[in-house]
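Here come two complexes built around subunit A, the first alongside subunit B, the second alongside subunit C.
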Partner chain A sequence: MIQMIATAMAAETAYAAGAAPKMDPLHHFQVVKYVPLELFGYDISISNSVVWMWIAVAAVMTFFHYGLRDKGRVPGRMQSLAESGLLFVRGVVKEIVGAEGARFFPLIFTLFFFVLFCNLVGLIPGSFTATSQLVVTGTLAGAIFIFCTLLGFYKHGAHYLKFFVPSGLPVALLPLMVPIEIISYLARPVSLSVRLFANMTAGHTVLAVLFFFTATLPWFGAWLPFGFSVVFTAVEIFIGFIQAYIFTILTCVYLNDALHMH
Partner chain B sequence: MDNKAPPQPPSGMSWALRLSTDMVAATLIGTGIGYGLDEWLESDPWLTLVFFLFGVAAGFRNIYRAANPQ
Partner chain C sequence: MISIAQAAVSAGEHAQSSGGLPQFDASTFSSQIFWTVVSFAVLLYLLKNYVIPPINDILDARGKEIAEDLEKAKKAREDSESTLAKYRQELAAARQEASRILDQARAESNRLTEAAKIDLEQDLAKRKSAALEEIEQAKRTAMNEIKSSAVEVAMEAAEKLIGKSVTKTDANKMVEQAIADLEKDQMRAFH
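Up next, the complex of A and B:
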């Protein structure tokens, strides 16, 4: 498999070197299959997206392995980073879902760090941002949506349908409000997935355009897009954090709605 | 829902990023449902129009809910 990755990378380099300088800021979003696989008619190929998700997971595990290795009373640099990440997610869960949320802490924690590291790992030049694929974010959001809906029905039974009927409303307005509430409920996974996907794609496209200008402009013009690209990389790191945070917060809000209906 | 303080947004930017997609997604879902119903019931274009408006209303409802959590 390593050999296949190496071949694919060589092909990438050949593409970059051989092609005339032509603006193609979307090229790095292309999914390349390293190991084509198929199972029961489904495409489960190992693509660059899959490989970079593995790398993100490995990075999270390494981070927490080293962060929580020596449990000093006075935490070292890595330990305090790992602990503050842990406490941060716990604070979010506690604040939004309440005491009952403790059961779902592992889920929220995994989600936050998976999305965060996918965002951050994608900023390494030459890497692939898994969260810039609508399939990836859509799968995450769809799974959260189905999980929360099932949890609501499991917890409240048919009473969960009252979620779509706002309380204290005149009966005459119900035919108007119920479709609105249902649409607003169904829009949750869409907005959750599109937000993450659109932010990552937009940011990386801007970066690619800036890099292109840096590489092709003569030296007296190149410093401007170069400077911008440095600043924008910092903005992208910030966006990566913010988007992971929003994804987590909204998951908590949906969990809370499923657990305690309002 | 019990009366607890609404989650504080970390910054205005994340707040803005959150609201814009909520609005668009609801409109898209509403229009999509209307279009699907039109295809099914062959009532082109009325249900698309009606559900487009429902979608817009749901978008505003989302924003309203995000701005004042009960």
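Up next, the complex of A and C:
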């Protein structure tokens, strides 16, 4: 794993050294294939995106490893953090999905920490943000969408289609409302994935522009973008938490819709 | 390592030349979809088996302990309340007992004072009568002594006067006669 990080960082450094001093704020999102792999004709190469996904997974496990290392009745600092992380997600699931959500708690818990740590490790200089890839957030959102839809039909059968027919509405309005409901339902995975991807992309782009100006402006001008970049890094950490939280909450909302139909 | 870096550089230049966001480069999609699913599944497996159960155990144990502590505290409170009630009861009883003893002591002391007073009075009366008796005795003794000495003096006087001795019995008679006369005179003088 350490070697992976080193490789990833070396590639970044080499790229930066080779590049001419011109602004390239989108460079951070460039997927670079390290190890070409194929499975049944499909490309499953290990890229920087994949490596930093693994690093995020390893970071989650490290976080909980230290949280549970000296577990005791009276928690230490790391144990308190680990416990409050679990209680936080449990609270969200309980509040939005209710008691039935307990079965899906591990899924939501994993989702929150996966997204959160992808967001956070992406802020390490020279790293890569997997959640800034639309295909990554789209995979998560699409899987959630399919899972919830299947769960809805499994739970309610064809009754689940009533989800698209708002109750207490004049029949004359139905031809208008049903398509709107269907579109808004289908838009769920799109909005879920685009929200996270766009937030990460925008934040890192701003940071990249600020870093570029810090590096290229003369000393009397560089302090301004440098100061902004410091503040904005803090904002990005905050956004990393917020976006993971929103992603989790919306997943719970969709799950609740599938289980209880509003 | 270097070849990887070179590959990275060429890939970066390639994307730049094609333009647009690198995120929309479809050639990276299949690998990222695959590894996102795999990474997520691995994390789900690890968290579900090695992280969530121990944390739940800790939280459950702590919750149970807190509930037990609360129960214990409630019991201790009840105990202390009953102890307090008992103590108050005992205190009231003790207070009652104390006032009873005090009343008794007061009555006893009154009684003793009264008895002492009576004793004292009796004692004084006894002493007074004894003293009176003694005085009477002394008086009588003195009288007798005076009488006898008077008889002797009378005898001597009579011997000298009539030249013959007077017997003690006669003398006594005479003295008594004289005393009786004297007393008679005294009585007369009184009246």
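As a convention for this text, the second predicted complex is superposed on the first by the 247 of 262 C-alpha atoms of A that agree within 3 Å, B and C clash if a C-alpha of one lies under 4 Å from a C-alpha of the other, contacts with A are read in each partner's own complex, and residues count from 1 in each chain.
The definition used in the following text is that a residue touches a chain if its C-beta (ideal position, glycine included) is under 8 Å from a C-beta of that chain, and two chains touch if they have at least 3 such contacts.
Keep in mind that what you see is a predicted model, and the values were worked out from it rather than measured.
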Requested in this report: Record, for the superposition on subunit A, whether partners subunit B and subunit C clash or fit.
Outcome: fit
**Report entry** Contacts of A:F64 with subunit B and subunit C, given as first, second, both or neither
**Finding:** second
Query raised in the report: Given the touch rule stated above, what does A:A187 touch, subunit B (first), subunit C (second), both, or neither?
Result: first
Query raised in the report: With the two structures laid over each other on chain A, which partner does A:V209 touch: subunit B (first), subunit C (second), both, or neither?
Result: neither
Query raised in the report: Regarding the shared-chain residue A:I237, is it in contact with subunit B (first), subunit C (second), both, or neither?
Result: neither
Report task. May I ask you to decide whether A:W54 touches subunit B, subunit C, both, or neither, giving the answer as first, second, both or neither? Result -> second
Query raised in the report: Is subunit A touched at more residues by subunit B or by subunit C?
Result: C
Query raised in the report: Now for A:L123: first (subunit B), second (subunit C), both, or neither, which partner does it touch?
Result: neither
Report summary line: Reported in degrees to the nearest 10, the CA-centre angle with subunit A in the middle and subunit B, subunit C at the ends is 110
Report summary line: After superposing the two complexes, the shortest C-alpha distance between subunit B and subunit C, in Å, is 17
Query raised in the report: For subunit A, which residues lie in the overlap of the subunit B contacts and the subunit C contacts?
Result: none
Query - Contact footprint of subunit A on subunit B as seen in their complex - result: 1-2, 4, 7, 10-11, 13-14, 17-18, 21-22, 24-26, 28-30, 33, 51, 54-55, 57-59, 61-62, 65, 70
Report task. Can you check the complex and tell me which residues of subunit A touch subunit B? Result -> 92, 95-96, 98, 179-181, 183-184, 186-188, 190-191, 194-195, 198-199, 242-243, 245-246, 249-250, 253, 256, 260-262
Query raised in the report: If you look only at subunit A, which of its residues touch subunit C in the complex?
Result: 7, 10-15, 18-19, 24, 26-27, 29-34, 37, 39, 42-47, 49-50, 53-54, 56-57, 60-61, 64, 67-68, 71, 73, 75, 79, 82-83, 86-87, 105-107, 109-111, 113-114, 130, 132-136, 139-140, 143, 197, 201
Query raised in the report: In the complex of these two chains, what residues of subunit C are touching subunit A?
Result: 1-2, 4-9, 11-12, 15-16, 21-25, 27-37, 39-40, 42-44, 46-48, 50-52, 54-56, 58-59, 61-62, 65
